[in-house]
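Given below, in the form of structure tokens, are the structures.
Two complexes come next, and they have one chain in common, chain A, joined by chain B in the first and chain C in the second.
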Partner chain A sequence: MSLHLQNIDHIVNGVPHISGIDLALEPGSFNVLLGRTLAGKTTLMRLMAGLEPPTRGKIIIDGKDVTNVSVRKRNVSMVYQQFINYPSLTVYDNIASPLKLAKHPKSAIDKRVGEIAEMLHIEHLLNRYPQELSGGQQQRTAMGRALIKDADLILFDEPLVNLDYKLREELRDELRDLFQARNCIAVYATTEPNEALALGGNTAVLHEGKLLQYGPTEQVYREPNGRFSAEMFSEPPINIVPGRLTDTEITFDQSLHFPCDDKLKRLEPGDYDFGVRASHLTLQPQRADDLALDVHVDVAEISGSETFLHVHHERFPLVLHLSGIHQFSVNEPLKVYFPTHQLYAFDKQGHTVHIPARQGGAAHG
Partner chain B sequence: MAEITLKGLAHSYEKTPKGAADYAIRQMDHVWHQGGAYALLGPSGCGKSTLLNIISGLLEPSEGDVLFDGQRVNELPPEERNIAQVFQFPVIYDTMTVFDNLAFPLRNMNTPEYRVKPKVLEVADILELTSLLDRKAKNLTADEKQKVSMGRGLVRDDVTAILFDEPLTVIDPQLKWKLRRKLKEIHERFNITMIYVTHDQLEASTFADKIAVMYEGQVVQFGTPRELFERPAHTFVGYFIGSPGMNFMAVEYRDDQVMFGTQPLPVSEQMKHAVANASSANAIANDISYNNIKLGIRPEFIAIASNPTADSVPIQVTSVQDLGTYSLLTFKLNEQTFKARLPEGHPPVGEAAFAHFDAAHVALYIDEYLVEAGHE
Partner chain C sequence: MNNKIPNNRAWLLVLPMLVLVAFSAIIPLMTVVNYSVQDVLGPNARFFTGTEWFQSMLNDDALQAAFLRQISFSLIILAIQIPLGIGIALIMPKRGWQASAVLILITLPLLIPWNVVGSIWQIFTRGDIGLMGWGLRELGIEYNITRNAGDAWVTIILMDVWHWTPLVAMLCYSGLRSIPEAYYQAARIDRASKWAVFRYIQLPKLTNVLVIAVLLRFMHSFMIYAEPFVLTGGGPGSATTFLSQSLTTMAVGQQDLGPSAAFSLIYFLVILLVSWVFYTTIMNMQKDKPPHGGA
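Up next is the complex of A and B:
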């Protein structure tokens, strides 16, 4: 099936929750809704499911207007943040419940439950009750129930947020593989840019109830259409430094001058916000045109195998994303190198006006 | 100020524990030195909360001793241990002002008012709460409330240690790094022993100089964040630290080679000897019925190329995910799935490729513990 949201507005008690969203989801597509808390992700999913009708606009499924068709008459599954299972039913019966309700023959149910449980690695737990399971196993059970019926639309509302990061890694991988083999539309809400990248598919960036950008995940990441989209879709967030562009150079903070990259010279001279990815800043110079900056360390956030180094220059803060473990003291002075050839430029309305060339080739098997 | 020693410590919730499985904490010795910034890291159910409760005095250990500066404190109730605790959810008096919240522990000990004020002002200044001192606590944001919780531990001069139990859970993701910075600053300034309990590697490695990784009731490694990454002392640490974690291969020594199934592995001479020794040692100690020898390598230390070299192995690439700052490559070797991390801008890789394991980062594990690590 295809799903088309046409100019959707949703207003609750006079407060707009969704404003002017137009979004067409292709059959068999995996779609991530990326946005911070209160960006409108859950509201949008409720509208897609038919749990409530939008204030304005239409919802079209396979060319038919279903705007006012209730959730019961749509073939939809949902998985929530909380692990929702029937406490008095075994894992088997939890997963089987949608098929039992639809009065499928027992042999067919047996077969399907077996397949789904195997896919989710819970086949050895079928006789247990939810309260005897770990959080990850409970969420797998809830997913099993959502996956067993051939829903046209499956909605995941931050399903992994209450699990520890190791389980999240594993389940994310499984989900990707799972949906490659299915023909329904999947929609997956998350606040984490790295989760969107790990899931792949398409990403819709939401901010304050508006759709900022929609497209293939990698493309949205590399070619954000505006400053907000770039900021929402990066963790640590892309560094933004305001500056002035003349015919030959860029000036940061009225005092830092550097010659600008040839490709930036085609822009009109004026004030811009320049963006540089945290992973493109370095502790050693990489090229002759790198700009050396004197900074002080705020904190080094270390995540097992990588370091997010927060520093501040006299007038602006920066974040570096370094591979490996690097420890620094608070307020330690440091030199960092700013790649002047890898700048994004946003105009003062927040639109992207320049995207740096990609380094090297794409690594694709 | 205190050094906290755990001596022969073990704890079981069973009255008559029968085997290791009945212990939430298996027998351990451990020292938290005065002034250290420590983390206790592990998945849920590893025993870290039990250990925290034993240190704070909420729980009396069933075996062994807890010593503060050499004094046994097993039976001392929490309020007599001079330990401050910061929990997941801020514990503050909503109807009181920030000032009164911070002053509470001092007034509770009958500290004269002329000494309360300067101390509260000092702590408020460090925590950047000065402008909020007259506000009612209930009107604060979550991060401000959590700072007040911390401040209540810091105003007391008699506090021997501060225990943190997942203190950033309720903090907005965009604000977390600021509180992390604040915590480090406080540690550097106050020289108090701090123990931070969490299941999150980022929380632990950012805060602590040394991390105790707990697994099944035991501390399996006590080391710096760099040591946990570069030289995991136990396979669990290799798996749990890093995203994704370490790759492991069950190997044996056969025909003068280190074999991973049918695949001979090119390893350093030193590693080859170590595996050979482990294999023969296992053969002699025949009463050990298993043969648990593994090599571990982190995804960061596997290089992928389209053409073979003298010390690479042929692999089958199953997927490449572009994760923005790097790509994650999944491949099969000897029917097993591996992960390798490719830097941004890595040349494209086809389905048939070759993997090279950096000898300096291949580690040997016997019965899950590190026996031999590579050398730089």
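Up next is the complex of A and C:
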């Protein structure tokens, strides 16, 4: 089926939660809703599911207007951030519950539950109760309940947030595979850019109830259509430095001059915000035109096997994304190399006006 | 802790508590035990009687009848109040000023002292000036709690239901509020019926508060005294004489200290035993089946 949200507005108690979202999801597509807390991800999912009707706008499924059709008459399933299972039913009965409600024959239910449980690696837990399972197993059970139905639309509302790091990666990879062969639309909400990148498919970037950008995940990541979109879809967030572009050079903060990339010369001279990804800043020069900056260390955040290094130049702060674990002391002076050929440029309205050329095989975070 | 360090000063810390418990529970109870095994005739005249009082109390026909009445009463009010309380909790508004208004209205009966409740209902059911008594008479229904035992029973049960169902409703209401909204959403997406939501989500999550509700209501109703005493005085005949009223008549009215002390102990043990059996059964059931509550 295809799902089309047409100019959706949703206002709760006078506060707009969703404003003017227009989004068409293709049959069989995997879609990520990316946005910070309160960006409107959950609200949008509730509207897609039909848990509540939008204040304005239409929801079209396969060409039919279903805006006011209740959730009970739609074929949807949903997985939540909390692990939601029937507490007094076994794993088997939990997974079987949608089929039992639909009055499928016993033998068919048996077979389906077996298949789903095997797919989710919980076939040995079928006789247990949810309380006796670990968080990951509970969430697998909840996913089983969502998957067994052959729903037209499956919604995942930050399903992995409450799980530990390792388990999250494992389930995320499996989830992607589960959907390869399916013809339903999957929608997956997350706050983490890396999760969106790992899941692939399409990504819709949401911010304060508005849709900033929608497209294939890779493309949205590489070619953000604006400053907000770029900031939402990068972790650590892309570095933004205000500067002035003249015919030949760029000036940061009236003091730092450097010659600009040929392609940037095509832009009108004026004030711009320049963006550079945290992973493009380095501690060793990579190219001759890299700009060396003298900075001081604020803090080094170690996340898994990566280090987020926060530093400040005289006038502006920067974040570096380094692989491996590095130790720095506070206020330690450092030289940081700034890749002048890899600058994004945003105009003062926040629209993207320049995207750097892709570097073959460059690592992105 | 395996490596015990001998330190007798710890006892000092326990002492205040021991003194408190001694005065609040142990000494009064022991006094009763003391009376229950003796026949006290005067300050210096007492005889040890052993288990004689206990035997005579257990074989007393009037007390056996009162015990049966007491058990029936507790069972009837539990059978009415628990389902009714759950029902009320389910239809109570969930938020907004309506929720507060309903909560306050529903709590009012709980704030009225026992004997006042008895008086209210005594007046309410009078045939000459009581709204209910007069109304029923005008409708041509014969109704008289001082003459008809059935009428008296119905009225006492009605009164207790009116007075105490709010407690059950409030406990259930708090239990229901603690169920995350996502469960209801998930159930709607699963197309579960209202009954299925109640049976598989709400009831399992209510088990813990229901155990408390049943225990409290059982103990309360088993000790009921002031309300029926004021309303019917135990009559007509002894149709509504419950255990505590029999006890009061014996201890205060007739000054039979020995028998009433023995009777008090039996009374106490029955309540303790029933509560303990009920609680352990439920807890064991939960151990065999899944532990309820929690996410």
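Throughout what follows, the second predicted complex is superposed on the first by the 360 of 365 C-alpha atoms of A that agree within 3 Å, B and C clash if a C-alpha of one lies under 4 Å from a C-alpha of the other, contacts with A are read in each partner's own complex, and residues count from 1 in each chain.
Definition applied: contacts are C-beta pairs under 8 Å (C-beta built on N, C-alpha and C of every residue); 3 or more make two chains touch, one makes a residue touch a chain.
All of these numbers come straight from a predicted model, not from anything done at the bench.
Following the overlay on chain A, a side-by-side fit with no clash is recorded for the pair chain B and chain C. Computed from Cα centres after superposition, the angle at chain A between chain B and chain C reads 70 degrees (steps of 10).
Of the two partner chains, chain B is the only one that A:Glu169 touches; chain C does not reach it. After overlaying the two complexes on the shared chain, residue contacts for A:Gly14 are found with neither chain B nor chain C.
By the document's definition of touching, neither partner reaches A:Gly63: not chain B, not chain C.
Once the two complexes are overlaid on the shared chain, A:Gly200 sits against chain B while remaining clear of chain C. Between chain B and chain C, it is B that contacts the larger number of residues in chain A.
Look at A:Pro333: by the touch rule set out above, it reaches neither chain B nor chain C. Once chain A of one complex is fitted onto chain A of the other, the partner contacts of A:Ser88 are limited to chain C, with no touch recorded for chain B.
Remark: least CA distance from chain B to chain C after fitting both complexes onto chain A is 6 Å.
Interface of chain A with chain B (complex): residues 36-37, 134-135, 164-166, 169, 191, 193-194, 197-198, 200, 218, 221-222, 234, 277-279, 298-305, 308, 310, 321, 323-325, 327, 329-330, 358-365. Chain C contributes residues 180, 182-183, 185-186, 188-193, 196, 200-201, 203-205, 289-295 to its touches with chain A in the complex.
Chain B meets chain A in the complex at residues 43-45, 172-174, 177, 180-181, 184-185, 188, 199-202, 205-206, 224-226, 228-230, 239-245, 298, 300, 317-329, 342-351, 353. Listing the residues of chain A that touch chain C in their complex gives 46, 49, 51, 71-72, 76-78, 80-84, 86-89, 97-98, 101-102, 129-132, 145.
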